[in-house]
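Before we start, here is the structure in question, set down as structure tokens.
We call the chains A, B, C, D and E, going by the order they appear; numbering starts again at 1 in every chain.
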Amino acid sequence: MITNAIIILLLPLAAFTIQIFIGKRLPKQGAWLPTGAMFAAFLFAVPIFFQSLSAYDPNFKIQASWEWINFGPVVVSFGIHIDNLTSVMLIVVTLISALIHLYSIGYMHGDPRYSRYFAYLALFSFSMLGLVLVDNFLGIYVFWELVGLCSYLLIGFWFEKDSAANAGKKAFITNRIGDICMFVGILILFTTLGVFKFEDVFRGVADGKLAGGLLTATGLLLFGGAIGKSAQFPLHVWLPDAMEGPTPVSALIHAATMVAAGVYLVGRIFVFFTAEALLFIAYIGTITAFMAATIAIVQTDIKRVLAYSTISQLGYMMVGLGTGGYTAGLFHLTTHAFFKALLFLGSGSVIHAVHTQDMTEMGGLKKKMPITFWTFLIATLAISGVPPLSGFWSKDAILASTLEFGMLHPSHFIIPVIMFLSAGITAFYMFRLVYLTFFGEARDHHKYEHAHESPKVMTIPLTVLAVFSVGTIWWGWYEHLVAKPDLAAYATVAAAVEPAHEAGHEVAHSAHNLALILSILIAGLGILISTATYYWKKISAEAWGSRLRPVYNLLWNKYYFDEMYSATAIAGTLLLSRVSGWFDLRIIDGVVNGVARWTAKLSFAGGWHDLRIVDGLVNWVGRTIQFFGAQLRELQTGRVQSYILMALFVVVVISIIQLL
Amino acid sequence: MSSIGLTHYLALSAVLFSLGLLCVITKKNAVTVLMGIELILNAANINFIAFARFVDTDLDGQVFAVFVIVTAAAAAAVALAIVLNLYERLKSINLDEADSLAR
Amino acid sequence: MDYSTIIQHNIGSLSYFVPELILTGVILVLIIADLLLKSERSAWTSVIALAGLLAAFVAVLGQYQMGSRTIFSDMLVVDPFAFFFKILFLASSVFAIFLSIGSVELSGRPVGEYFTLIVALTLGMFLMASATNLLTIFISIEMVSVVSFILATYLKTRRRSSEAGLKYAIYGAFSSGLMLYGMSLIYGLTGTFNIYEISRILNSTSPEPLTLFIAVLLMLAGFGYKISAVPFHFWAPDVYEGAPTPITALLSVGPKAAGFAVLLRFFNVSLIESGTNGDSEAWFALSGLNWPQLLAMISAATMTLGNLIAIMQNNVKRLLAYSSIAHAGYALMGVVVLSELGVSATLFYLTVYYLMNLGAFLVVIINQDLLRSESINDYKGLAWRAPIPAVAMGVFLFSLTGLPPTGGFVGKFYLFASLVQRGESFHYFLAVIGIINSVISLYYYARILKAMFFESSEGQTTSKIAVSPYYVVLLSVLVIPTLVLGVYWRWLFDFLRNHSASIFNML
Amino acid sequence: MNLFDLFFYALAALTVVSALVLVFSRNVIYSAVGLLFAFFGVAGIYVLLAADFVAVVQILVYVGGILILLVFGVMLTQRITNIEMRTGTLQLLPALVVVAGVLAVLLRMVYKTPWASYAPAEFNPTSAKLGTHFMTDYLIPFEIVSVLLLAALIGAAFIARKERG
Amino acid sequence: MENHVLTLITFLPIAGILFILPVPKENKNVIRIIAAVFTGLQLLLAVWLFLNFDRGTTAIQFREQYQWIPSFNIEYFMGIDGLSVPMVLLTALLSFLCIFASWGIDKGVKGYFAMFLLLDTGMMGVFCALDFFLFYIFWEVMLLPMYFLIGIWGSPSRKDEDGMVRGGPYAAIKFFLYTLFGSVLMLLAMLVFYFNVTDPVTGGHTFNMLHMMDQNNHGGLLNVFNIRLLIYVALFIGFAIKVPVFPFHTWLPDAHVEAPTAISVILAGVLLKMGTYGMLRISFPMLPDAMKYEYFAYGMAILGLINIVYGALCAMAQKDLKKLVAYSSISHMGIVLLGMSGLTSLGMNGAVMQMFNHGTGTAMLFLLVGVIYDRAHHRQIDGFGGLAVRMPIYAAVVSVAFFAGLGLPGLSSFISEAFSFLGAFGSTLFNLKAITIVSTLGIVLTAGYFLWTFQRMFLGQLNPKYAELPEINGRELFTLIPLAVIIIILGVYPAPLLNLIKVSLNNLVEVVAATGTGSLLGLQ
């Protein structure tokens, strides 16, 4: 199985290498090569998945590790770690990636950098798979950065557009901020424990070598990486802009896989987090989920709505993990991957047809694009949490977990309240999207006329994803296989840590039942209001918008995060940089100019300005030396008697000093 | 016996030396400056001869003085030649005018 | 007193006096030849002078393994120390003659007297290097001075030259007056002129420190004037600028080295604590007379002042004049440490200084020929018009700065090494001043390089200028040893190291 | 105060006053005359110091040689007919200060130092002794000085002679 | 050959000069080819060294030791250990590539290549010399050709708007003065060492660095701690100017910007490394206690921090591409300092790897700047735009270099930077945690200015002025590809480099941490 894993990893890498160098010269620009490689990778992933299924063991794992860097006293290994979570992720990543490759063949047709696109996509697939497979912190950081790179390259793929170029840069730099936190976290844990490998680290933590506040801090620093990558508050600003990339890219990277890496990371190192850290994660998730959902209500760009929806859903996953719903969070990751990819591809299909992303210019596309519509609808239902689609199960699990958390810790009851509210909002804006796009009258007839159903190469992936969106409902075995890990299990020293506290069984049970009912009700309510507003037109969106103008503006402007950041952090850095540059040129370099000019003014030696300009030997020391030179030079009057006088003067002074 | 001792001569020599210096430093006329130099040499010579009488038992100091006088003559001759030459160029032997080489 | 033994001794001394006798003979032959040869431009005088110097050179070589002995009733000494300087003086004079032959400044001037005087100067320097009596020191210095005055004024039709000569003469007379006065005081304290006797008496009696100090200070005026040390340096820039360039080159090398010879011999023989010299590697100054610190101050002042003023110069010749003042300051660093290493470092430095300084002046002479100018501004773009002198100048200037792989670096290295070896705090202080000055000096040497290499000649022609093969040969004679001494200097240094203490041999 | 002392003070006064005239006279000829008397005064001092030969040399060489030379210099460089032979002074004040410093230091030194003084010997004619010195242990300086004089002669002649062109 | 390989590798360029000098200056290509052949041979020798270097020992290898000036105990002593080998390789590689980058030099071709080869010898010598005197000679010898190379073949003098005269000559003398000042300080320190270290065999003084490293040989002044501190400071300033460490860095932007491309490459790629090499070769082992003196260790780390952050901020403010790259060098060399200061195996290995990786990376950057400058004749970042459309290959290579510069995993500098940080952070001798954490800010800033620059130059609409700009050519690619390949290989698998250095460096760390009482470089 290790061989399979290696092959899975190498296939896209090989595809990338070939594609980047000779892709353009291959028949059909080589698009089939990475696509084929990804399908092959999927086929290699399937046996791994089935092995883990057939083992049906929460502790199932396959590992292999090779020495990578040997410093002598410190050896850093690189290895593969496959457990149930990994095997699920492998399936998700390879499948969605393969489908999106396929879809892209149609979507990107005719692009001038067609072959380059596939190369990047393959590189991304490689990096993402590496991220999933790798067994240590350093490795995850490496792939973490690489997926970031691919994201940068693909967001800015149409770099002729300034907005695209900006978005790519913004994504990378914002992510880097998170990455530094993560890097510092790694610094701390490596310095404290001396190892990178997950299991070794957990063992160290379990043995109490890293504990208390430092452990919390380290956990939060690592979570900082996840905040960046998974676009959590307050580093979420890059993701909406990332929609400048081609839509399949948004689907793959900025919806299904890469952005979920943060969630995956939190899941992967779940035992590392202390209760305080988890609480922090839960709050961050809560804020993110609510904030993004509210922004999504008012957006009119179809992809931006989906982007905010993604952020919101990632918030859900974080909350799930943070409130102890480990399985719930990760299950939502899986289901979300399918239906969100589907949503994006569907929107891509629409955009492909009408050449606009603005929903106000769409409408009534249901008839023109039936496959797209029906698959899109399935995904919308899934994300809204309508049973029995996949999204229902996962979201319900999260909500249940928050509710349970709230019941156990009443002081944090705000979390479930907001999460349920957000669930309703989710349903609302998703249906708003569907109505505006597919129902009603066509608002731009010209575009409507030209609209057509997408080619097969695009609709087949839609269909496949729709199937998965419906069908990924095996909550039961997921709960068994991807079970919440227990730190104590890693302990090599007995009872170094207290066993994780178990929630009361009754609480859990009642919370789950309550959540089930509530979530269905709220989803329904959301859909109802949405329908009333955008389908039946019983409620006027405009009226409410103007009635709540300040709120509307706040949401329309995305809580002014971008403005705030550019006014503070970005402007601050640029200012600091300009100040440094100025400082360097004017002050350090020239203790030069200012002081030299000042010195020059002092100097009354003739020709000194000329010399300064002619020779231009320039630094303050030089100037000062010249100044003294000029002064001393005045002694050389040309009169022999003054020379004698001066010499004698010195002699007398020396003698008198001696005399005294 | 006389009360005039070594220090008297030395003091005289010191005064002469100082006057010679003063002359060298202050006179504009190059020839006068050369005269001042002779004064300095004379002062030194007084020293030599005084020491030869009071300190040394031999006449080394006097020998030295003779050599000083002779070399002074040589130097004065050359210096004067140079002064005359400068006069050819400058039509003046004022030292303060001979300052084209400076700084 | 037994006259016959003294006369016998004097006659016996003659065999150790052959080089000087040859030089005296050459002077006479030159005077006669000048009278006989009708054509004033006859090249024969220079040939005779060269041949005479060559003969003297052979005679000096004969003294190589002669050891140390005083001659003519302790008036003079023949020892390896003097041997080294004699070779250096001969080399300087020979080179000066070669420079003069090609110089445009001197073309058309009567030459008979000129070469006579150069030979006389050489004789004077010879005597300076071997003088062991205040009288011989005085007379030899006076001889060098008087001849120098005349040579500096040699372009007598040129105002600058005659002005330079006058200043030189007056300043020189003044200095020797001071020196004489100082000598008289020494005589008063010791009752003798013999430097070895002086040493003995100063050590056995305890002379009044103030008097001794003033005596030494006044004598230093004479020596300092010869080596152009601050504050007795004032004449140097004016004279160097005004004198004919070959003479400037000679003055900046020969008499300066002779001054160092006298300085080293007198100070190290007469003014040291007896019993601390000879076998040990280092010795101490006479107690009660802290002349090393005095010289250290002078050294620091000399190099700093020379370098600082040099920065402001636009006339290359004058710039080199200041630079040669600064170099006297460097060389003095070796004098203040009172050790074998220090003395040999000074001698080594004088050797490389001879090469690089003469080289720099040679380039100035060549450029006078090529460009009719001594101004830095007119040197612009020279590297592209006449690469050979420009590149050679680069080597000389880098050597003057003290950068490897040139002899200048090794020279400075030994100077610093001697300071560090002795390791008192004022030595370090001096060393730090020395290194700062090295950096400063780069600043103005580089100005010349910049003009030659980095800038293009303004407006005028950029055509190539042919450099005569004669100059190329002269340049290579200086460039090659400058570079070789930067890479392999073992024989020279070992010679100096082994013989630097020979000044004590007769003590 | 005996006769010897009187002679000394008289000669010293003559010397110093003449020197003062030399220094402070504005007329070059007066200066020359001052120098003349100073030379005589110094010669007299030499006599007091039992240096008869040196005294004679002093008068012969200085008065007979150098002074005449200098006066010639004055004559050749001043157009006596139409210009008063005046010479100005330079930097008098700083010079006075510095020279006063020199004098103070020297006098301080002279009086502070315990000179190793022998009782002066009898007055003896020195010529013979000096002559022997010149021919024996001071032979070489004697010879060197002759070469020096030769060089100075050639040089002075070269420089002083008129150049054509 | 076996025994003289270091002499050969050092002096081959000089031999090249001897061949070049007689060639008539019209035959420019002959001159270029001769230079290429000799540096090529040098590179082959370097590769031979790489292959034959025994990675398992701390001992000096390929040792050559002869008397030179015996009366002053100066020896011709060459030898390399793990610290020197990567530098030798880097020097040989960059020299060879730079010959090709200099192909376009048309003025004074003969002088240029002669100077270049002389420079090459100097650099190689510094990394091979084990006699302090010899080291110093090589150290200084580099200055002369560098001065001329920047002054003559750099940009001509011009007057800036602020009235300052800048340009090649200015930068050249500035560089010269700065470095000379540093090296004369080193000269003094060297002499103090000489006179206070005894050769255990002969009992005399010695310039032998190995003897100087053995604390048992120290005596006299070297037993006085305060004096050791003073010497350390003198050495540090000397080396810091080369690195360059804030605030001694101001020569660097000028020199890099005004120099011709190949020389900028050499400056940034090799010369800067000499500063840190000197610290590791001389300051650390010879004065371990001074290095570990609290104020100095923290001071060094703080200077590293300032270099990293301040350098990055300055880089961000630059409008001139070359200046930006120059400042990025300052920032990256700060990482080396930081890595060294912790005295840990990780940090030290990371720092030396960073030296090598920065050498290759920054060389690429400067070469790339040269490529665009040759075409557009200016380097104003804002003056371009959208070049990726017109020059896709160029843009791709630039992006590799930029991403290497910002420490992207998979490219070599990631590993060295990461481990430098890790090493400093994990230092057990000093608590550098806060400093390291603040330093990581540099990572973001670096990403910021590189990406911003990339965007302004390559992304967006193509500037119509450059619609006809020719794509990067084969010769230029030839100089870049080897570097890119090395960057990628070492980024994925650093062992070839690490194995070369680690034994020596771990030993260095151990010995210095134990205050130099152990055996260094297989001495004794």
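We adopt the following convention: contacts are C-beta pairs under 8 Å (C-beta built on N, C-alpha and C of every residue); 3 or more make two chains touch, one makes a residue touch a chain.
Owing to the predicted nature of the structure, the values given are computational and were not obtained by experimental measurement.
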Q) From subunit C, what is the lowest number of touch steps before subunit D is reached? A) 1
**Q.** Common touching chains of subunit E and subunit D
**A.** A, C
Q. For which pair of chains is the number of C-beta contacts greatest?
A. B-D
(Q) Suppose every chain is reduced to the average of its Cα atoms; which one is closest to the average of all protein Cα atoms? (A) E
Q: Could you put a whole-Å number on the gap between the CA centroids of subunit A and subunit D?
A: 101
Q) If you average the CA atoms of subunit A and of subunit E, how far apart do the two points sit, in angstrom? A) 36
Q: Could you please state the distance in Å, as a whole number, between where the Cα atoms of subunit C are centred and where those of subunit E are centred?
A: 43
Q. Taking each chain's centre as the mean position of its Cα atoms, how many Å separate subunit A from subunit C?
A. 77
Q.
Which positions in subunit E are in touch with at least two other chains?
A. 157, 169, 173, 177
**Q.** Contacts with two or more other chains, residues of subunit B listed in rising order
**A.** 10, 17, 20-21, 24-26, 33-34, 45, 50, 55, 57, 60, 63, 67, 71, 74-75, 78, 82-83, 85, 88, 95-96, 98-103
Q. Which subunit A residues sit where two or more other chains touch them?
A. 615, 617, 622, 633, 636, 638-641, 644-645, 648-649, 651, 655, 659
(Q) For this structure, enumerate the chain pairs that meet the touch criterion. (A) A-B, A-C, A-D, A-E, B-C, B-D, C-D, C-E
Q.
Please output the residues of subunit C touching subunit D within their complex, sorted ascending.
A. 1, 3, 6-7, 10, 13, 24, 27, 31, 71-73, 75-76, 110, 113, 116-117, 120, 123-124, 127, 133, 135-136, 139-140, 142-143, 146-147, 149-150, 153, 156-157, 165, 185, 188-189, 191, 205, 207-208, 210-211, 214
(Q) For the complex, give me every residue of subunit C touching subunit B. (A) 134-135, 138-139, 142, 145-146, 149-150, 153, 156-160, 162-167, 169-170, 172-174, 176-178, 180-181, 183-185, 187-188, 191-193, 237-239, 241-242, 312
Q) What part of subunit A is in contact with subunit B in the complex they form? A) 633-634, 636-641, 644-645, 648
Q) Which residues of subunit B touch subunit C in their complex? A) 10, 17, 20, 24, 30, 33-34, 37, 40-41, 43-45, 47-48, 50-51, 55-57, 60-61, 63-64, 67-68, 71, 74-75, 78-79, 82-83, 85-86, 88-90, 95, 98-103
Q) Which of the residues in subunit E come into contact with subunit C in the complex? A) 68-72, 108, 136-137, 140-141, 143-144, 147-148, 151-152, 157, 168-169, 172-173, 176-177, 180-181, 184-185, 187-188, 191-192, 194-195, 221
